[in-house]
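For clarity, chains are labelled A, B, C, D and E in written order, and residue numbers in each chain start from 1.
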Amino acid sequence: MTFTLDAVLAARRFEVSLSLEPGETVAVLGPNGAGKSTLLSVIAGLVRPDSGRAEVDGRVLFELGAGMHTWTAPHRRGTALLAQDPLLFPHLSVLENVAFGPRSAGVPRKEARDRARHWLAEVDAGELAGRRPGELSGGQAQRVAAARALAVDPDVLLLDEPLSALDIHAAPLLRRLLKRVLAGRRAVIVTHDVLDAYMLADRVIVLEEGRITEDGPTRDVLRRPRSRFAAGLAGLNLVPGTVTAGGLRSGDGLDFAGQHDDPLAPGQAGVAAFPPSAVSVFLDEAHGSPRNSFRVTVTDLEPHGDQIRVRAGELSADVTPAASADLGLAPGLEVYFVVKAAAVSIYPA
Amino acid sequence: MTFTLDAVLAARRFEVSLSLEPGETVAVLGPNGAGKSTLLSVIAGLVRPDSGRAEVDGRVLFELGAGMHTWTAPHRRGTALLAQDPLLFPHLSVLENVAFGPRSAGVPRKEARDRARHWLAEVDAGELAGRRPGELSGGQAQRVAAARALAVDPDVLLLDEPLSALDIHAAPLLRRLLKRVLAGRRAVIVTHDVLDAYMLADRVIVLEEGRITEDGPTRDVLRRPRSRFAAGLAGLNLVPGTVTAGGLRSGDGLDFAGQHDDPLAPGQAGVAAFPPSAVSVFLDEAHGSPRNSFRVTVTDLEPHGDQIRVRAGELSADVTPAASADLGLAPGLEVYFVVKAAAVSIYPA
Amino acid sequence: MGRPRGNAYSGIPRWVVAVAAVGALLVLLPLAAMVARVNWPQFIPLVTSESSLTALGLSLRTATASTALCVLFGVPLALVLARGDFPGQRLLRAFVLLPLVLPPVVGGLALLYAFGRQGLLGRSLEIAGLQIAFSTTAVVLAQTFVALPFLVVSLEGALRSAGSRYEAVAATLGARPTTVLRRVTLPLVLPGLASGAVLSFARCLGEFGATLTFAGSLQGVTRTLPLEIYLQREADADAAVALSLLLVVVAVVVVGLSYRGPAPAGTGSRPARSAGGQGTA
Amino acid sequence: MGRPRGNAYSGIPRWVVAVAAVGALLVLLPLAAMVARVNWPQFIPLVTSESSLTALGLSLRTATASTALCVLFGVPLALVLARGDFPGQRLLRAFVLLPLVLPPVVGGLALLYAFGRQGLLGRSLEIAGLQIAFSTTAVVLAQTFVALPFLVVSLEGALRSAGSRYEAVAATLGARPTTVLRRVTLPLVLPGLASGAVLSFARCLGEFGATLTFAGSLQGVTRTLPLEIYLQREADADAAVALSLLLVVVAVVVVGLSYRGPAPAGTGSRPARSAGGQGTA
Amino acid sequence: GGASGGGAAGGGTTVSVFAAASLKAPFTQLAEQFEADNPGTTVTLSFAGSSDLATQISQGAPADVFASADTKNMAKLGDAGLVEGSPRAFATNVLTIVVPPANPASIGSFADLANPGVKTVICAAQVPCGAAAKTLEQGTGTTLQPVSEESSVTDVLGKVVSGEADAGLVYVTDAKAAGDKVREIRFPEAAEAVNTYPIAAVRTSKNKDAAAAFIAAVTGSEGQQVLRGAGFGTP
């Protein structure tokens, strides 16, 4: 445990305990007003909890409560926060905004600018370098703010909804960039998008009304949600395995045809992800376009909204009650789970 | 044509012509920095174009250019703008923020507050009425800002990414609310989400680099995109018809099983929507969980990304090239298009 | 390792505090020296003498009236200067600032030339039955003249800092410019307006030269506390110091009560969307 | 039907413009009357006389020095008052504002009591070989004393209006408080700092009473332009008016050059994210 | 930065003279003459109200000579032990009536000042010219209803010159300096309140000899002639 946090903030009904391993990225999900941004602000040192303690690599960030007043100022915490609002410094150009962090860390001006240019290019905002923040569109500002936070190269990176306001081309680009940057880095990322949580984080926590209601590896939480909120998130099928040319071979030797999200090298570890709603259930093998057809044994049936979730070991399918009745689905029955390759995304693990 | 706009703003490389029928809602899609927010600001009267003309129901909003200087002030335009930033008045409570519009229109204080309370309840923010904007989370502020714009009850409603920052429960709620409010109202709504465009608008325009590159009924543009940007949007299958208990019966008499997005009464007009990637292609009818299986004739095959888009009349399916080859797909071939009910959304038309 | 007491960020470098302490000393030391010099046994009778109390009352009345006039005229002027865009704007600003640099006595002369019996408007005013010179009106006019720029400059700065984003939003919600002004602009720049009004009031309260020149000095009519102090000084500098202390106490009370240094929450340009980092405590 | 010339929103109600015009007239009329009274043939020799030019030079030098001191001490004071949170903050604010209401002559006395030969610190200063009273240093000190509150009040208002959101962001990016101050806080409140400095400079330039009392009136050493004007007035009020005109012209030039009323873009608290509604033109 | 006042400048002797503001014109002339007569000696003049100057000197201002417009302020310094020897009277001044050139209120005598509707401006009783006016009121049995009691003669004169007041009581020297901007109306009762100007060296002076020489020049015939020229009387 090299990062630990315990914090209570009564005014916002916030009471959270959290710890991060070195290099671990945690995604924070939860409804509006649950305390996600508050959590980041507490870690960054912008909001002072009523009591609690935080420590990173043996350094105490704060220790507050009866008689305790240890408090490390934000700029010494080694954290960088991408807040929900871009908050670009209005008097500085875009380039100077991004160079601000490196400059503050003592990097010489020229090098800081080079670094800023690098990160601007990474978020596809290189041509905005000379503008003032007031001359940017919402999505442009969001990207520049992301570049500014990334340019700091902090011990703990705190990202509050980094992908909102982005267009359909920019969002995947930034998602891939974050995936790369967050690899092996301690980070906390707030998002409303399950796919982001899955792609970017090792672990997910769900915050509801200021408290953590779920905490665990992303796959587990998404697959078997216990909280009301997480239950609303799609229960993704996640199959780990080895990347192949056209998809992924699971540990059990099943071949999944799918879409490679990124250029992936065959042989590397990967995961196939697809929603239960994309899985069709057949009693017999049928010859059709779907590339994936697996013979499985139904283990469980449970209602899921107005659908029936059919579990077969690690995999699940959502079907209408009518279909379930029609096919006579019951635990122990052997069926075929059929999924189109277009519905299966393959990610690096 | 009761609303027409022609505007040129050289500094932002913006040059747009647009017109709206009474009661028509237009969705604006486009990449970051394309000029979507600029368009709304020009209509609302916050940004003054270099030249151009706008008129609503015979009233001239502006007429600028050589020698022409007609300019109607923002507050007389009968427009209400929900900007990309919530911009709640920091010195007023949430309730007073929402009551601001009605108050400005001369509604007595008590009635304005009642109206404000109504709209706050509609966006599920009733319990925030007494707070200051500074005490709201990002998503809460977004909802209150939406309520504030809606409470104005304007001739033309301008919404800039109204659904960003909302959690997975709040977003569908607000989407349904907007659907209801926008019915029969002139509105322009900026979004990055195709589904929002489809659900909320009668027509969609795509802006790229300050110019309109697509303009037409939502279904047509989404189904047959011509611009690079629109091509990146999913090419949804959209089938109009009549709502039935379990789905929708199309004009051709096909029955689509699907998910009712809203409580829908059987017999009313509706549309079934599903992405081509959710459609499987079979050579023979197979007995499986998918409720929808239609015998169709392939009319066209075209590459779509690394997939093949199989068109059959109005419907299309995306399959991998391998599947296409395997099944020997070719125009004229009779096949079965199979879609799970879980993948089909039924909307009111 | 700062220790903010609220839960908001506030990082003041330590050397800034040190320099501020020196600055405060620069102001506090003379005040302390003055207090040390007061002849206390003499103090009470002096400050409660009829002439002193009359002068004090007149000062408070006129300064209040003048501050009201400053707000009345200064707010529109500041608005026009901050938000308007017209030829001659910079020139107008420079002229409105002029009374700041005019030695007050000369300001009084200028007022005489304008509103005096022989002045530009004097003839017309006299025909209208208005006699300004040697009246309390003249005191108020003199104070308004010297104090107006204080309000305008402070408020214009605040207006520019606040920007016009919220005003634009209010307009799109259908608010007429007057409504926008009353319900959005003014509440948002309240801190600036408050400091401007305090500065104006203080300047009015301390006004001496222009009043003396333009209005004269007659007990109960035009002799405000500074004029009284000046006269007392002719007899006895210590008496003047004692009276000044009275003025200072009055000012501290009035300023202390009216100018609370509005809480940062709900002020100017804090955008509505909270990044979670701005506690209000 | 306003006609903004830029492409930003700016809705000034028409009646505001009318009231502003009356306010402007209130200031402009006396100035015009004054200009009308100037005896032009006498003007040139008077303002170019050695004593006038010496006094002008002294005024400019001392006012500049004093404004620098005001900025040096006033910025930290304003920061501590606006951002700090400590017991006695309101009391400190009230005391720092006091020189505003003190009649300048009394302020001069207070300074004498503090820094004069017989004053609180006088003895110690004399031992250290420093003679402050009746020297140019005294002029600067007197001007700083009376002008400091102007800077503090304007700047504190601007700081409060601006809020501390950007400062918080800068801190999370690793900037030390000093860096935050230099690169974020000060640039953001530049309009407020500028108006504060202008007000201070103007107040220094017009300072008369405290200077006369604390520094005396010695040509070339302590006789600033207002003191020279005072002396001229003993002989001939018109000469004083003519000299004042010189002061006014100098002030307009200095203020006009230094205080451009910074463009709304890039100022204070306009959040980075543009709602598209804020043109910069 | 400037040097502090007083002290020697340029190797020569410097005499620092603190004089009442009303002495500006004659003393400036006198100082030039004195410098011409005593090469190497510089006279620096500091003008202000007499009470200002007295306060400054008692607070340690580097003055060598103090010339006051009244005996009261000189006495104040004397009580504080700051006067070298005994002060010498070097000039007198009496009050006179000034009216705007057109004399709108048709003032002809001191008693006319009390006529109803006449806007009379006098000095406040706390300042020498006001004290003198009080004496005249008592002596003549006239009760004035002034519209303003100014704190200095200059302010009284200013009100008359600008036409604001119908009449004012000022010193003859002021009336003379104002030239044709005002009309002077002399009245015999004025002689009952004569104001005396005393001059003395300051005890803390470091140039006592030069100070004495300057005082001698002022009280000498040449000095008296200059003062008479400005309208002052001989004590």
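Following the convention adopted for this analysis, a contact is a pair of C-beta atoms (placed from the backbone, for glycine too) under 8 Å apart; a residue touches a chain by one contact, two chains touch by 3 or more.
Predicted, not measured: the structure shown is a model, and the values here were computed from it.
Contact with chain D and chain E alike is made by C.
When chain pairs are compared by their number of contacting C-beta pairs, C-D comes first. Centre-to-centre spacing of chain B and chain D amounts to 55 Å, using the average Cα coordinate of each chain. Between the Cα centres of chain A and chain B there is a gap of 26 Å. Distance from the chain A centre to the chain E centre is 88 Å, each centre being the mean of its Cα atoms.
In chain A, the residues touching two or more other chains are 37, 44-46, 73-75, 81, 83-85, 87, 136-138, 142, 160. Among the residues of chain E, those in touch with two or more other chains are 55, 158, 162. Of all residues in chain C, those that touch two or more other chains are 2, 4, 6, 8-9, 11, 109, 113, 165, 168-169, 171-172, 176-177, 180, 230, 233, 237, 267-271, 273-278. Pairs of chains meeting the touch criterion: A-B, A-C, A-D, B-C, B-D, C-D, C-E, D-E. Across the complex, chain A is touched by residues 30-34, 36-37, 84-85, 136-140, 142-143, 160-161, 164-171, 192, 229, 232-233, 246, 257, 259, 277-284, 286-291, 306-307, 317-320, 322-324, 326-327, 336, 338, 340-343 of chain B.
Taken in their complex, chain A has these residues touching chain C: 9, 11, 37-38, 40-41, 44-49, 69-75, 81, 83-85, 87, 160. Across the complex, chain B is touched by residues 165-166, 168-177, 179-180, 183-184, 187-188, 190, 265-276, 278, 280 of chain C.
Every residue of chain B that touches chain C in the complex is listed here, in rising order: 44-46, 73-75, 78-81, 83, 85-92, 100-101, 103-105, 132-138, 141-142, 145, 148-149, 152, 154, 158.
If you check the complex, the residues on chain C that touch chain E are 109, 112-113, 116-118, 133-134, 212-213, 215-219, 222-223, 227, 230-235, 237.
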